[in-house]
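Scrolling down, you'll hit the structures one after another.
Shared chain: subunit A. Partners: subunit B in the first complex, subunit C in the second.
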Partner chain A sequence: MAPSRAPSALLLHSLRSLAIEKPSTALAIRAFTSASSTCQEVQAERPSFYRNPDPETVYQPRLERKLARAGRPPIGSRRRRMALSQSPRIPFEQLPYQCFQEARKVLVEDREEKLRKIETERARVARVREADPGAFRGGEPFKQKKLASMEAELERLKILADINDPSVKRRFEDGKGDMNKPIYRYLAERKWREYPRKVLVQRITQMNVVPDVVPNVDPIVDVKIAFGKKAVGSGDFVPSDVSEKPCQLTLQAFDRGEKMVTIAVVDPDVPNVETDSFDSRCHYLASNITISPTKPLVDLSKLSPGSQVLLPWLPPHAQKGSPYHRLSIVILQHKDNIPIDFEPAKQKVERDGFTLRSFMSRHLLTPISASLFRTRWDESTAAVMERAGLEGANVELKRKKVEPLPYKRRNPSSFR
Partner chain B sequence: MLQPRLYRPAVPSDTLMTSLISSLSSLSLCSKHSHLQTFLTTTFVRHASHAQQGRANGPGDSAGRRLGAKKSASEYVVPGNIIFKQRGTKWHPGENVGIGKDHTIYATEHGYVRYYRDPLKHPKRRYIGVALEKEGPGSQLPYPPNAPSRRRLGMYATPVKEPQSGKDTLDSSTSSYSYAAFKTGSTPTIPPPTIHRQGTYREANVSIGRAAERKGVKVRPYDRRDRWLAWRRRAARVKMGLEAKAARATRKSKGKKSNKGAKMGVSQR
Partner chain C sequence: MHASSIRGALAQVFQIPLRPTLRNAAGQISTGITTTTTSSFSTSASRAAKKGRGAKPDQRITLIRYFLYHPTTLTPRPLRFSRNRYLRHWTIHRAWNLYRAKVKQARQLELERQYNAMHAANEELRVGAGDGGKLFRKAQMKTGVWSIPERGGGVPIEYARGLVEWMGSTGGLGSSGTGLGAKAKIWDSEWTRS
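What follows is the complex of A and B.
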């Protein structure tokens, strides 16, 4: 009985969430008789809109800036805020459009049906889970497979229950979606896959992060890079003085649960004049980092040096004249989310000549996402290298001239 | 142009036919074939009104464009060498080669030419590449899937040349108000006047341009978002324009009035 009671509580909760948010102001109650009285009421409540603007209805750029400075950024698009400020803001249930209300009824009915299905599916999952594996013809593996497919179906139903809810859509668009709930994770992933992920995949394949640093990657985690307050797009050139301090990453996962990850920042473009080729160097390496859909922020400078940081941040630098350096950021998931042994790993890892492939195979890591930024010689690089105690700022790389072979007549006999 | 034409069969055939027909009729078997004797027909012919020479029949056989392979497989090339000339992309650029605007394939690294297919990249395309090594595992194209690409640095290290300090260049240069002095941003001094071709003295244009700097005039940097300043400036400009217009109007009207007055005076007289 216990498993069935828990879903019903959840059901109630989700039903409650279906109820449309009522605006807190007095505008919620529509006064048909006297519009002026409501106006006065509102005026009495808020003495001056300009003194105290509402982030939901502000649309003047000056007031928007004022709000943003106060730490309350305006919500949604300016167009929507303008529309809201001019509308009487009647809740959905009281809107006097018959067709609209009939359509809402259909949606609510559909949602209730989905919730019933969720409950039956949950009961079925519980039954299969408690069943003896010997009862199945395939034994334990068959049971696990069946359970996995049933769980997937359950997740699908949860999404279907909420996907048509306008308030859910609105909350997601306002950035208020709770990433603990499957529907908001689903919407966020859909939005990410629609465009940002395509850009990311294009960058990491066109700039050859994929065969040069990691053999293969199918990104399932969104990576956003920021140096201080400055956001950096994937593949952007970052000035050396900006990238002197470690970056902040936003690793947005879209599936349930926590992930134990390793973050590696690798530069595969270190020029090697002796071998006439390029070496790889690790600029940052940290393991045993836990990320979840609700806690995506990872500040590389704030990870614990005693248990997470294997190699501290080395400022990215490119010698004068050398081709641009790709600072590729690779996110690797630990196998079964088990943390790696910190001390032996730290002793073994080396900054110069670091190859991510061997590190991955040694610690059984799989890449779940990658991104990059680029760096090249600029005015601040020499100072950055000096502060970091790096040699080579006084060396410039120049192109070697390739001597062609001497001219040779291709068919001398035909010229005679 | 097609024209109907009545024509008679040639004389020798006529004689032959008449003799034949007479012999047949003598046999009295072909009495039905009397219509053979009426030998007039209508046909259509083409006159030679279509131009037979010139560009009328489309471009003829032009000279060959010298397309095709300029370097064969495993031939040594240096950067810039043309490997293949083609119309369209019969061959696509692979590793260490580039493609020109007329689809010419040329080398961007020194190495050995390879003609190959890469089914993982594209199932139907043929590629031309330059392998960096002649023999060994790195000489094969395409590279194995998911393997890091092989690259050559092709550079040498030299100590950075210190850019000469501004004062030295100033001393070495002929005059302190030359273009170099302008670029380095040295302390502006009043330059000696230069002698013009006409024998007159004139200040150089460059130093005229820096007059404000010498005078120490500070200009507020332009901020396009500062609309308040922009509004004030525009209002001032509009006001000035109005004032100038008013001044002009008064001057004009005065002049006219005086003229009119004079004329009127004349007429009155």
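What follows is the complex of A and C.
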């Protein structure tokens, strides 16, 4: 038996060695592709791993501590890092799943086709732009219209070229999308319109910002409100000591280019005892603010008082007994993105009895978004009002007692 | 051990009335009419009491019922993937959708091309044949398309229309005269089985 077993063992051994060699040849083939292979890099840095551990893959507690002391804390859980350090680290695009690779081939081919279309569309746009407006039957307006529609088509093609890319999807989900690129702007807008915009529209219509402050608004810019580090949802009640300092706004636009906007914070719920009704008051007004998809942050306290702030921040306050105040934040876009004249506007604007409609019509502004937060009397309101030098903290408003009509009285004299 | 515990739970859930299966029937024969099953070697009933569960329904029936009817086996498993696997799944899904859309588009274009070709040929016949469009008019006439093949038509009339309660004497092929309406009969009363 023994002599017959020996060759088979030899054969097995050779087979096994073949099987071991196979993956390494596959790796070598993969290295010839244009994409960078991380396997090679990992192998290159492995000798010095204990000297120079990688925060992605370190999992020994001692090395983790060493890294943490060096100011580079390890990334993710230890379980994940361990799995990463022991995996072959094949890039996602090269994962050896047959169906996936076939699908990638289809998508890559489609993308090339889209790129070719983009090229031809660009050439067409250039040709139309060069052309003499007299050549079109409608003249210059027709040419502009045609150009606009061709540009829209170009944008659509750019989005279509990238929308099937899993790496684009991954980057967007990680929040690392570049808002200069049409695809990420498109994805962000889609995500915003899916839910947050609906909530925003609901809040501003249910709390009647829309007819009370602005006649109508179709939000195209995402507004996020934050007081310091505290994010405030649209319509939330904000304690008055929190809202004593001006807020930071994130005005995320989704279409290309810069926008020149005016930001107004208007309180339409100031009780007026004389007329037994409510007035509106402007708590903040700033113009000539430039926002773009990549620079959405606007800190209201850091705008320049000499050229932007028409009315500085007045802390929101509600007197005791008055119903809650809606502090509505309205974003208005300037016509043709031309800044308004600062000095005359500043002289004309008034804080009390401010009406946004007349301001809009005077400076040719259109609302592009709106949001609000609410405030009401709380423990800190009196202190806030005192610090801001406002009067009326010692007054409590009460509902006027309405005398019932004689026949509705509970205990009229006829009963006695 | 795990499987047996699952079985136990399932047996409790799907408790079914006792049926005379093979095992139970054998037990009943051996014990006669007595309800408690006792070991034939033991004189005491304590073992049966300790077991305490009496006769169980057949596990196989319980399992069959579980796999046939229980909602957890009828509902498809939710897709829970790791991130990479989900992205691969998404990629394949997108590629498949793209492929389907392209096939559909190609089919549509082909139909459109065929239609346009037919239209062009007809137009050529109408205008370019030089007979004032007579050939075209003749070619477009639909009489005789629907008929009985033996009587010189193409497709049997039965394929042309749905069933109706009453039909005209010519079967809707025009008035009787020299045309097809003369030949059309909805009821051949002279027909006999030859």
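Heads up, the rule we're going with is that the second predicted complex is superposed on the first by the 316 of 416 C-alpha atoms of A that agree within 3 Å, B and C clash if a C-alpha of one lies under 4 Å from a C-alpha of the other, contacts with A are read in each partner's own complex, and residues count from 1 in each chain.
Criterion: a residue touches a chain if its C-beta (ideal position, glycine included) is under 8 Å from a C-beta of that chain, and two chains touch if they have at least 3 such contacts.
Owing to the predicted nature of the structure, the values given are computational and were not obtained by experimental measurement.
Three-chain overlay on subunit A, with subunit B and subunit C fitting side by side and no clash. Of the two partner chains placed by superposition, only subunit C is touched by A:V106; subunit B is not.
In the superposed model, A:L405 makes contact with subunit B only, not with subunit C. Number of subunit A residues touched is higher for B, counting subunit B against subunit C. When both complexes are overlaid on chain A, the residue A:R69 reaches neither subunit B nor subunit C. Of the two partner chains placed by superposition, only subunit C is touched by A:L95; subunit B is not.
In the superposition on chain A, contact of A:N164 is made with subunit C only, not with subunit B. Of the two partner chains placed by the overlay, only subunit B lies in contact with A:N208; subunit C stays clear of it.
Closest CA pair between subunit B and subunit C after superposition: 28 Å apart.
For the contact definition in use here, the subunit B contact set and the subunit C contact set of subunit A share no residue.
By the touch rule above, subunit A contacts subunit C in their complex via residues 92, 95, 97, 99-100, 102-104, 106-107, 110, 164, 166, 169-170.
Interface residues of subunit B, counted against subunit A in their complex, comprise 76, 78-79, 81, 110, 143, 146-161. Subunit A meets subunit B in the complex at residues 208, 210-213, 215-216, 268, 271-273, 276-278, 319-322, 393-400, 402-405. Subunit C meets subunit A in the complex at residues 83-84, 87-88, 90-92, 94-96, 98-99.
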